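Note that the chains take the letters A, B and C in the order they are written out, and that residue 1 is the start of every chain.
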Amino acid sequence: MNPLLLWFHKLGSPPYFYRFAGRWLPWLYALALISGCAGFYGALFTAPADYQQGDSFRILYVHVPCAWMSLFAYLFMAANGFVALVWRIKLSETLAMASAPIGAAFTFITLVTGSLWGKPTWGTWWTWDARLTSELVLLFLYFGVIGLYHAIEDRRQAARAAAFLALVGIVNLPIVHYSVIWWNTLHQAQTVSLLGPSKIAPSMLWPLLTLAFATHVYFFASLLARTRVALLELESGKDWVRALLPSPETGHG
Amino acid sequence: MPHSETESLPLLQAQSLCFARNDEAIFGPLDFELRPGDVVLIEGDNGSGKTTLLKVLSGLLEPSSGNVLLHGVPLTLAKLSHQVALLGHLPGLKLELSALENLRFATGMGGIRPGITPRLALASVGLEGYGDVPLRTLSAGQRKRVALARLLLVPAALWLLDEPYANLDREGIELVNRLLDNHAHRGGAALITSHGAYAFTSGMPRRIALRPAA
Amino acid sequence: MKSGTTTSACLALLRRDLLLLWRRRGDALNPMLFAVIVVALFPFALGPETAVLARIAAGTIFVAVLLAMLLSLDALFRSDLEDGSLEQLVLSPHPLSLLLGCKVFVHWLTTALPLILIAPLLAQLLSLPPNMLPVLLVALALATPLLSLIGAVCVALTVGMRRSGMLLTLLVLPLIVPALIFGAGACNAAQDGLAYSAPLLWLAAWLVLSLVLAPLAAAAALKISLT
C-alpha cells in the first residue's frame, strides 16, 4: 500500500489517533497563539484606519476570519459525515461531531461582531443584511446538528443521524444563500458591506490573512482536543483506554 | 421448475454471525442453517439477543461480522425476493382497521400465496366472522391470530417469529404449532424465539441456545 | 405464487393510509383550525387597519400554513412506529423511498391541501387584495409539498424519540427558509407590481429536485434511525 494511504488507515484507529493528536496539540496551540498575536498586532497597530469607517472597521479582523471558519467548519463536518456514513469510520463520526460546536462558536462570534460593527455603521445592532442572515440560518443548522446528536441515546447512531442532517444541510445551504440574497435585494437598498468590493491595501491585508491562518490552526487544535476526549468516552471499555489510567495496583494499595 | 436446484441449498444460512452494539457483543459467533421443513427454536433468557438475532436475520439490522445467506445469496440481494416474513413483538396491525382490511394491505405489500384469500386465512386461525370489526374491539390474543393469518397469506418461505406463543391460550399455542407443521410440510422453514416458559405439545426438532455474550 | 408488484404495494399503502385518515377524520381538521387561529391573532396584535393587514397578509398566511404543517409532521411515522408497521415497511421488498414518497403524498393531501383550500378565507380575514389570491395559491401549492418532503427527512431522523417536537422544529425551519422567502416573496413582489414569476420558478425547480432526492434521503435517514 502506498505510504500515505497506509498512514491514513492507521490514523483511523482510535488509539493511534489519540497519541497522534496528543503529540500535535501543544504545537498547534502554540502556533495559533503566535500567529494570532502577530495578526492582532498588525490589525490594531500597523493597519491604517479606514477612510470611510474609521477605526470601527478593525473588527473585520475578527469578523471575517470567523465567518470563513464558520463555513469551513461546516464543510469539514459534512465531509467527515459523508465519510462516516459511507465507510462507517468511527473516527470520522467523532471528528464531524467534534467540529460542530466549534463551528457554531465561530458562527456565533461572526454574528456578534457583525452586530457590534453594525451599531456605529448602520446605527442599529441588527440589520437583515444578506450575509448576516445567511450566518443566522447557518447557526440554526449547527444547532440542529448538535441538538439531534444529543437527543439520541446511542452515541454512534446519534453521530450518524447528525452527520446525515449535516449533509442534508449542505445540499440546502446554496439554496438558502441565494434565496436570502434575492430576498435582500427585493426589500432593501444596498447597504455598506463590512468587506466592500474596494481594494484592500497590503498593510491592511496581511493581518487579515495571518488571522485567518491562526483561526484555522486554532480550529484544528480545538478539534483534536475535543476528539481526544470524545474518543476516551466512546472507547472507555477498551484496553487502550484502561492502559492510560494509573495502574490499579496503586489504587488497591 | 428449478426446485431440485434450490433444494440442495439451505434456505437460510448463518456463517459466524456476530452482532455488537457499541462494541459490546450481543451474540455470536453463530453458525447454523435451516433447510426446507426445518422448524428451529431459539432459546435464551431475557436480554440474550433473541429479538436482535431475528432482526439481523431479517435484514433490519446489519451484522457486525459474518454473513446471512438466503438460498446461498447474501441477504441484501435476497431481500428483493419476498422470501422472509417477520412477526415481531409489535404485530404491525392498524387498530382502526378491520382484520380483513389489515390483511388486504399485507397482501398488497407482500403478494399472496395461490389458493388462499384473506377470508380463508382468517377462518384457518379461528377468527371466522371477525373479519369486518375494527381490530380495536378484538382481544390481544385475537390480534395475534390476525398477525398469524398474515403469515399464511404472504408467499414467504422463511418465517421469523418473535415470541409467537405470547398472549395465546392453550388452543392458540396448538394453532401456532399446527401452522408451523403445515408450513414445514409445504417446504417452508421457521425460526422462532421463546424464553422457554411454554411447554410445547409438538416436539421441536432443533434448538439453538443463546447465551449472553460474556 | 403471486408476488406483489411495487405499484400494487404503493397503491395498497395509499389506500390504507387514506382509509386510516378517514377513520380519524376529526384529526384532519386540527391544522386548519390552527392556521385560522394564528391568522386571526394578527389583527388583534396589529390593529384592524386594512392597509397594514393587506401589507402583511401573504407573509402571515405563509407562516401560519408552515407552522400548521409542522405541527402535523410529527405524527408522520409515529403510529407506524408504535404498532410495528414501520418495521414491516422497511422489510418489504419494495424500494423504501417509493413507499415513503407515498406516505409523504398522503401527508400533503391531508394537511396541506385543506390549508390551501382555506387560504382564500385566510386571505379575506387579512384583506389581501383579491387579485393577489392566485399568486398566493400557486406559491402555497409549490411550497407546501416542499415542506412535506423536507419535513419527512427530518422526521425520519427523529423517529425513535419520545419528545421530538421542539427538535423537529429546529431541524426543519432553517431548511425551509427558502420556501418561505420565495413563496411569500413572490406574493409581495406581485403586490408591489414587480415581476413575480422568477421566485415561483425557483420554487418549482427546488420542488422537482426535492421530489427526486427527499424520498431517497428519508429512506436513508429512516434506516439510520431504526438500526
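General remarks:
In this text, a residue touches a chain if its C-beta (ideal position, glycine included) is under 8 Å from a C-beta of that chain, and two chains touch if they have at least 3 such contacts.
No experiment lies behind these values; they were computed from the predicted model shown.
On a Cα centroid basis, the chain most remote from chain B in this structure is A. The interface with the greater number of C-beta contacts, when A-B is set against A-C, is A-C. Taking the mean of each chain's C-alpha atoms, the chain whose centre lies closest to the overall C-alpha mean is C.
Centre-to-centre separation of chain B and chain C, using mean CA positions: 37 Å. Here the spacing of chain A and chain B, counted between their Cα centres, is 49 Å. Between chain A and chain C the centroid-to-centroid distance comes to 33 Å (mean Cα coordinates, whole Å).
Multi-chain contact residues of chain A (touching two or more other chains) are absent. Across the assembly, chain C contributes 227 as residues in contact with two or more other chains. Interface of chain C with chain B (complex): residues 1-4, 8-9, 11-13, 15-16, 19-20, 23-24, 79, 82-85, 87-94, 226-227. For chain B in complex with chain A, the residues that touch the partner chain are 21-24. Listing the residues of chain A that touch chain B in their complex gives 154-156, 234-235, 237-238. Contact residues of chain C toward chain A in the complex are 150, 153-154, 157-158, 160-161, 164, 167, 170-171, 173-175, 177-178, 181-182, 185, 188-189, 194, 199, 202, 206, 213, 217, 220-221, 224-225, 227. Of all residues in chain A, those touching chain C in their complex are 85, 137, 140-141, 143-144, 147-148, 151-152, 157, 160-161, 164-165, 168-169, 171-172, 175-176, 179-180, 182-183, 186.
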